[in-house]
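Just so it is clear, A, B, C and D label the chains in written order, and each chain counts residues from 1 on its own.
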């Protein structure tokens, strides 16, 4: 059984009372079981929790007073094995579930409409199914350079397609846009996973709708997605930003510690009982 | 009482079986009462109806065979008077309902993130509340030319801001983007309303969240929004397109007939009874 | 010997006096010899001729009064054979002539700076020289669809790279941008050449600087560039537009008749003597 | 008489032999007289000087070997008083000199074509002449924030128009684009001038063609343009970059020292004689 332990710390300087929406807790999601979790906000203040019943995304809203705000999330999560990615067919548009259709549409950072012809030209003739999505990811591996700091946070899939560099969010946005342009519903997934090389950071991957289910892909291949603690899913980064601040604030620190362990079922059981 | 009668006809040539998602029926919405309605599809075929429980938007999905497809929607709708737009304050972000937050975020055609500084520079110092939204609309009236055919269907708010011309969808997208950039939630509304001058067409307006409610604005001032039969609301045009087709299809005809009448309560009661 | 005969007719409706800059005459260029030419403007009016001594581009400026303006250019041009495109090496930047450097820079419609990484990723590892430029053109042949009417006149290389469709100007702009991004100077060439299929139109190709000379390429492969009557060269379309109008004018007609003939040297000599 | 003394130092680390084009010397220009100047390159190496006879821009090209390259330019320049900016009319397009027409065209960083309607809408109804250019600059003073570091070096006029922030180059590009959109030729000017507040940096302003001459404007109002040592003029930044490097190089240091002095004619004469 895969257990991932997360400790994330965000620290801000607040110039005057600011409203925050944090999205840093493990999602309500059938793919994992939260064994323990703890959210610590300093200074202590009233917060409002809410979750989106469609996605299972969880949010914390608060009004931070002038001064220093720190928010720490600790969780220990048991992650279910991912299904095998073999022989997964695409689903004809006419069979897509109604609630999945929204993930076919272009969004702010995934302009599948603009990239429609490029996607068709590059991947339209390939065998359909999971191997087509894999072909998109393989192409990104060779064509797009993983280059932290190259783009700012406003870079969209179309720009990544031209600029050929980015971080995990950019790779995922481009993968999503290309899938949607091929009539494969796709959505962004953000979460915690250990990178092979530091520094640790929030990670973004994406899911494509294949064989009547969401199947996750990491086009950066920087981490083991079977150990990813899912925080949220959305149309693109704007649905699942880790923090959205309204007001004059400055991020002072972002520190993530992520431990991954494989444990026997027995141990899990005990932990579970204790939590 | 305001009664609006709609007859809309779409006709397509289908080169080979194509999937359609139509979004042309009056929404499930407390602002109106559908007195009668009829959806006629030729040739007769199996369709799937679904609606989005959040927005009340209704959709019809179908697989059209090769040949001619025509879809006609007839409805007679009693429209409730709109609330007065006086003294409506903005709502501080920290008091926005959770489910309204999504309408603060940039979307494909409303890049409020890119337009953030422009919105602040142009409207940031104005008195807040409904008069600020009105100021945005007044500015659009002078700065943006209503010019059918100038933009294609892929024009976004940012492009309209630069190009200074467009149709109702473009005006609405820009109004939405500017509102969101000022932390006023806003969303697109599409529907049927009679234009002063023909030809009739689908219309797009927008709603801003003021005084804890959605308040509708028509920045083009081309029609009487108190007579608008609402078809749907969404983040932008991609959530509420009247028709989305997957396949090789060609629109042959789009004909709208819209009649608006003011009727006494008595008459309404009879019509209602008969429907 | 190759002889190409051109008759081009442009006709405008002028709402009120408008200034025009026409660029429709065969360039002053060592690659061809103008055997005969005639410029006819109706109504008769004062015109100003000028030419750019760097490029040899010729321009006609005039103030057209309200009414109908027609401008007809007739020319018979003997075109020198193009040099063979074999074994042409690229030129190291440090050896580029000073006056060629300008064609390394990005221009309005050839954003070689934005496409820099894409060009390097796609063509950076290929053998250098003419075969690299040929590889760019071969790629465009498969990746970009020749699709008149898809783009408007404001489409730039970066947009063509994303949208994957366009006309000869778009192909040429993209070829130029990719060459410049690889440190190969490149420039636009416009002129008259017979298309295999009507309608005839102005054509755009491009030149790359190889082996210390300008070498011409037609990435659309729609015409025989060895029969092209060169009208002008420039950084991009804005330097060589066939007509630039200042004022309220409307193009009524654009008709090109182009005849290509191979003639014996003897015949040429006679024609030349008679002109 | 105005005397400005410049000492500029650029220092690079060169990973492997790289080609440089420097553009840091006072232009050949009738608006100033170079009293003394000295270009020092370390290590000593062969350089190639060339100048553009149209613009008077001077360039130095060199192949820098692996290691550290430093280039220092020292100059003492007597600057002629600028003409008064009173009652300068615009020039009808039909009267523009042929060689000035190029500055009406959109360029890479000044998309006057895209901004055409916006310029007309905002400034089209104003009284023409120098006061219209002044109105553009006044508008930029209130609408665009001077914000070093906000944009990267690839920001164009259209983006500045949307983003509403930038440095002197961005202000100048936007001013140029708006002028051209109003049929006023405009071009970029770069040079040395003392900023009121450190750090000193290269400065960009622009010239508009008014009353049959180039008239200079500084939309940032950060410096006294009558003390500017002109280095070059061009369509936009790509014509006048201070340094263009081909190869793997890193800027280590950029240090400018600029002294401005008003001197009596007598003193000048002596200095001149001594130089």
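In this text, contacts are C-beta pairs under 8 Å (C-beta built on N, C-alpha and C of every residue); 3 or more make two chains touch, one makes a residue touch a chain.
The UniProt protein names, listed by chain, are A, B, C, D = Transglutaminase-like domain-containing protein.
Since the model is a prediction, treat every value here as computed from it, not as a measurement.
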item: Minimum number of chain-to-chain contact steps, chain B to chain C; value: 2
item: Interchain centroid distance [CA atoms averaged], chain A/chain D, Å; value: 45
item: Inter-centroid spacing, chain D versus chain B (mean Cα positions, whole Å); value: 48
item: Centre-of-Cα separation between chain B and chain A, whole angstrom; value: 31
item: Multi-chain contact residues (two or more partners), chain C; value: 114
item: Interchain contacts (touch definition) - all pairs; value: A-B, A-C, B-D, C-D
item: Touch list for chain C against partner chain A, complex; value: 114-115, 117-118, 121-122, 142-143, 145, 158, 161-165
item: Contacting residues of chain B [partner chain A, same complex]; value: 19, 21, 48, 50, 59, 61, 63, 92-94, 98, 101-102, 105-108, 111, 113-114, 154, 183, 238-239, 246
